[in-house]
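What follows is a pair of complexes built around chain A, which joins chain B in one and chain C in the other.
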Partner chain A sequence: MNIVVLVKSAVNEAELRADPAGHPVLNGAAMKMSNFDMNGVEEAVRQKEKNGGTVIVMTLGGAEAKKAIREAMAMGGTRAVHIVAEPSDAPDSLGTAYLLAKAIKRIGEVDLVVCSEGASDTYQGQVGAMVAEFLDMPFLAYARKVETVEGKVRCEQGAEKGVRVLEAKLPAVVSVVSEANVPRYPTLLQVMVAGRKAIEDLPLSSLKGADYPETGMEVLDVTLQSANRKKVLFEGSPEEAASKLVEALKQEGVL
Partner chain B sequence: MTASVLSYSENADLAGEVSAAVAEVAKQLGTDVLALELDEISAGLRSSGRVVLVKGDRELEAEADSAAAAIAQVAKAKGFRAILVGETRFGTVVAAKVAARLKVGSLGMGKNLRVEGERLVLERDAYGGKFVARVAVKMPCVAMVQAGAYTAIDGAPGPQETMKVTAGAQKVALVDTRLSQRGATDIKSARIVVSAGRGFAKKEDLALAQDLATALGAALGCSRPLSSDLGWMGEEAHIGLTGAYVHPQLYLAVGISGQLQHVAGIKDSKVIVVINKDGQAPIFQVADYGIVGDLYDVVPALTKILKQS
Partner chain C sequence: MEVRSVLLKLLGAEHEQVLLSLYEAEGAETYGSLLRSLSTVLEDNVIPLSLALDQGKGDIKETRKVLFEQGVCKLSHPGGYGGMGLPFGVYALAMELAGAADASTAMSLGIHNTVADAIAQFGSGEQKRLLLPSLLSGEKLAAFALTEPSSGSDARSMRTKATKEGKNYVIQGSKMFITNAGEADVYLVFASTGSGHGAFLVEGSNPGLKVGKELGEKLGMRGSHTAEVRLEKCKVVAEDSLLGNEGLGFEHAKLLLDSSRIVMGMICVGIARTAYGKALAYAKERELFGKKLSDLQLTREKFANSAIDISAARLLCMHASRLKELGLPFTSEAAQGKLFATEMAVRTCDAAVQLLGGYGYTSDDVHRHLRDARLLTIGEGASEVLRMLIASQELEQET
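Moving on, here comes the complex of A and B:
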């Protein structure tokens, strides 16, 4: 079974600082594989372990994305494809999906494409569905359980009002949620071995055809979320504190 | 009259909010609204615009593929400046597929939608909700309306027409549906939400949170570890970046430390109350009112007072 897992290199948002004007300090910010993608890689590796085959780790990004690829490879990837973007390239969701789909087609026979529900930095949750559209493959979204049997994939989809069980023929694209699995921590040896594996570089420009969708997407500015909260603490015994809280909430008119 | 602004949500609870967003965008564009209803008129996109009842050769809302096929066909036939979709998991997939089929840009999870010249501009969370990004895309486009970003409007439905579409090839089969006892719409539309976190030592202790919720007439939600790692509550109860965005009048975070991803989902609450024994927990940074104390002491005391009053 040939499995492609899509990963994104993202800023480690927990460590991301703001400058005095409230803009994120992206220059030199720590990068890593987007958190949610760990569930995607884990699922891809588990499917490989069950069915045999290969896990091809694929990403789109600048030179800094190599770190995310290494992290995914250490978890059990067999091959790595890096769509190398130049700083002037800024594909949006649709452009990214177009480029990933082109690269997946170049690989040839692919049975399953796995991604996560969204990226930790932008969390738009669009690329997986769009890749499926470009590849004309079925898309099974928000899977909390994935099973592949005899040329089919069956998923339990976490939906707003419960669980939906979906089934489709392979090849298919599946996006997984964090309920799907618990990502493994690679051993030091696996990290070292992954560091020596070859990464196939694919220049972004080599994938761009005349049909590349230009949507005019532009990030105008990014600023710190404002959190103007009162931050009033109530002290005393649990009863005293609780009673002061109830009074305050009555004053607010929310009780 | 220029091309319309289209609106769609499969979730009746969100329809009023999407109607508010679409009315605002249409007003700025000086155009009209086309509210799309698939299969049948549900609780409805209560916009004052025209309603298009879209009928397919099979149930359109059974899966995202057929819903997207239907919306794309209507959009092509009628012309459009923007298609606004209510933000749910189903809506997210539908929006992405519609954008891919129409080859237009797509913006997710937006609020404060505005028209600036030929572009639609909206605000959305970035970097785990720590930052907010203003993003622009060329129209025509697709954009998602974040739950809670608009106050629902409830106008009389406008004139109605019916349009027939083809659902297209069925690539994904729905084998089974297992509805949970309580849908996420409970926490998304609740006026008061009590939310439980890792501070609870075992599943049985959630009864304390449930008692408090009952005393308040509140819905009960949780942070991600409780629904994901521990499985103590259903996935639909999960509040945060990858779960539900809530916007109640009153939000009580009990035993929740306040990871970025959780805070992202609660920041539109009017009043936030925090009960946590760790005074250094990051959740206190977004609290209006806080009690630093053991939830096992504070919650029963609070419940008792509320029951008395």
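Moving on, here comes the complex of A and C:
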């Protein structure tokens, strides 16, 4: 089974800082593989372990995206494709999906494309569905369980008050949620070996055709939400302090 | 207090700089990836268990297993018996991370790996084949038995004797303060042989090896097991047991301790880094005199001093490590690194307790770092002995 897993190099939110105006400081921000993509890679590797075949890790991004590829390779990827797009050329979601789909077609026979529900930094959650459209494959979204049997993929999707079971013929595109699996920790040896594996670079220009789509949409502003603690100290006996706390919570509209 | 961000910061910025200053860019990047990956694993699987280990509620087997499964012991051992053949400095930095996550686990593993190092350096082909793969993978655990009830720093005056009887040695004596005692599958026991000293590999299951009562009243490192080990007419087969040359056991021990001191120094850098990170987080939150604690000049002085101390200790240890990698003498540098790093950790952890005030004094999640660090100015070469060693090397160079 030939499986392509889509990963994205995302800002490491744990280390992200905001400037005084609340805008994220992206210059020099630490990057890593998007947290949700770890579930995508885990699912792809599990399917490979069950069915045999290959897991091709694919990403689109600048030089920093190599880190994300290495992380995915350490988890069990067998081959890596990097669509090189420097920040100045970075496409929007539709352009990204177009380029990924083009690169997937170039691989040849692909049975399953796995992605996660969205990127842990921007969380637009658009690319997976768009890739499926460009590839003319069925899209099984938000899967919390994935099974492949006899040329078909069956996914369990958590609905608000129930479970929906979807099935489609392969090839198909599946996006997984974090409940789908527990990502493995690669050993240090696997990380080292992944660091030495070749990564196939594809320049953006080699994939862009006359049919490259333009959405005409642009991101105008990004600000970070900050949680400011009020740090109110209630003094007095426990009973008095508790009463004051309840009063304060009522005033805040919490109670 | 958020320890998670402390480790990430430590890894992301400080380690990458050190790696880039020591190794060529490509290698440094790969080593950086290894350490980043290890830090995530430690954050998820070791840090959450660390406080319970100090409180005697956990089992060090669980946290040690995480490090074994990751392959920390394999990092700098040569390939062939399961090693990864990476520079010693990568292992040293990994041990800083381990120390930052849990000091007891790091020390237990560091001492275990010193025995693996002994076998790799001085063992016969058969000893390597039989023991190294299982020690590097963690299938077997080792203990290092040099100190005695009446000789620690003055190790040369050891009383444990190994007497040759045909194809066997019979070992008689007692070893004290042995880390991993009772848990270990193999003990590296040093004993006087008449012609000098010998190093002997003794199986934990040997009926002549008896483990005493757990030394349960330790100041720190409470997650690790420490006990007396008695050798009572302990019979071992010479060919299987004797490691290296019969008369050179003490020389072997000195060489092993040179490397081990770098590791113990780096564990202390990790301990200090965690305590410093906790103090830093607290000082940014705590308000007094209408200001943040971190805005007071005397607080800032403490942080400046701790930051310099931590960097200096790490670089001193990594300098010794680099000399070792290059095959140059590093005895004095390793002693300097270990001495400075261990005393620095006590200073830094004490400053953290001071900054956290009453919370520092009453919270075992703060003062445990001070208690943990305190051991390492004593074990693996007490500060006084290391100063003697450094001074004598300096004096030799002058003459």
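Just so we're on the same page, the second predicted complex is superposed on the first by the 225 of 255 C-alpha atoms of A that agree within 3 Å, B and C clash if a C-alpha of one lies under 4 Å from a C-alpha of the other, contacts with A are read in each partner's own complex, and residues count from 1 in each chain.
Convention: a contact is a pair of C-beta atoms (placed from the backbone, for glycine too) under 8 Å apart; a residue touches a chain by one contact, two chains touch by 3 or more.
Computed from a prediction, not measured in an experiment: that's the story for all the values here.
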Which of chain B and chain C A:Arg196 touches, first, second, both or neither: second
Chain B versus chain C as contact partner of A:Gly125, first or second or both or neither: first
First, second, both or neither for A:Asp92, with chain B first and chain C second: first
Contacts of A:Arg164 with chain B and chain C, given as first, second, both or neither: first
Partner chain(s) touched by A:Tyr185 [first = chain B, second = chain C, both, neither]: second
Contacts of A:Asp111 with chain B and chain C, given as first, second, both or neither: neither
Superposed model, chain A: greater residue contact from chain B or chain C: B
Chain B versus chain C as contact partner of A:Ala14, first or second or both or neither: both
First, second, both or neither for A:Asp37, with chain B first and chain C second: neither
Residues of chain A at both interfaces, chain B in one complex, chain C in the other: 14, 231
Of chain C, residues touching chain A in the complex: 4-5, 8-9, 12, 29-30, 33-34, 36-38, 40-41, 44-45, 69-72, 74-75, 84, 86, 94, 287
Touching residues (chain side chain A, partner chain C) in the complex: 12, 14-15, 30, 32, 67, 70-71, 74, 185-189, 191-192, 194-196, 231
Chain B residues touching chain A - in the complex, by the definition given at the top: 11, 63-65, 88-90, 92-93, 95-97, 99-101, 103-109, 119, 121, 124-138, 141, 171-180, 183-185, 192, 216, 224, 227-229, 235-236, 241-242, 249-250, 260, 267, 270-273, 279, 284-294, 297-298, 300-302, 304-306, 309
Chain B-touching residues of chain A, taken from the complex the two chains share: 11, 13-14, 16, 18, 24, 36, 92-94, 97, 117-118, 120-130, 132-134, 137-142, 144, 154, 158-169, 177-179, 182, 213, 215-225, 227, 229-235, 238-239, 241-243, 245-246, 248-249, 252, 254-255
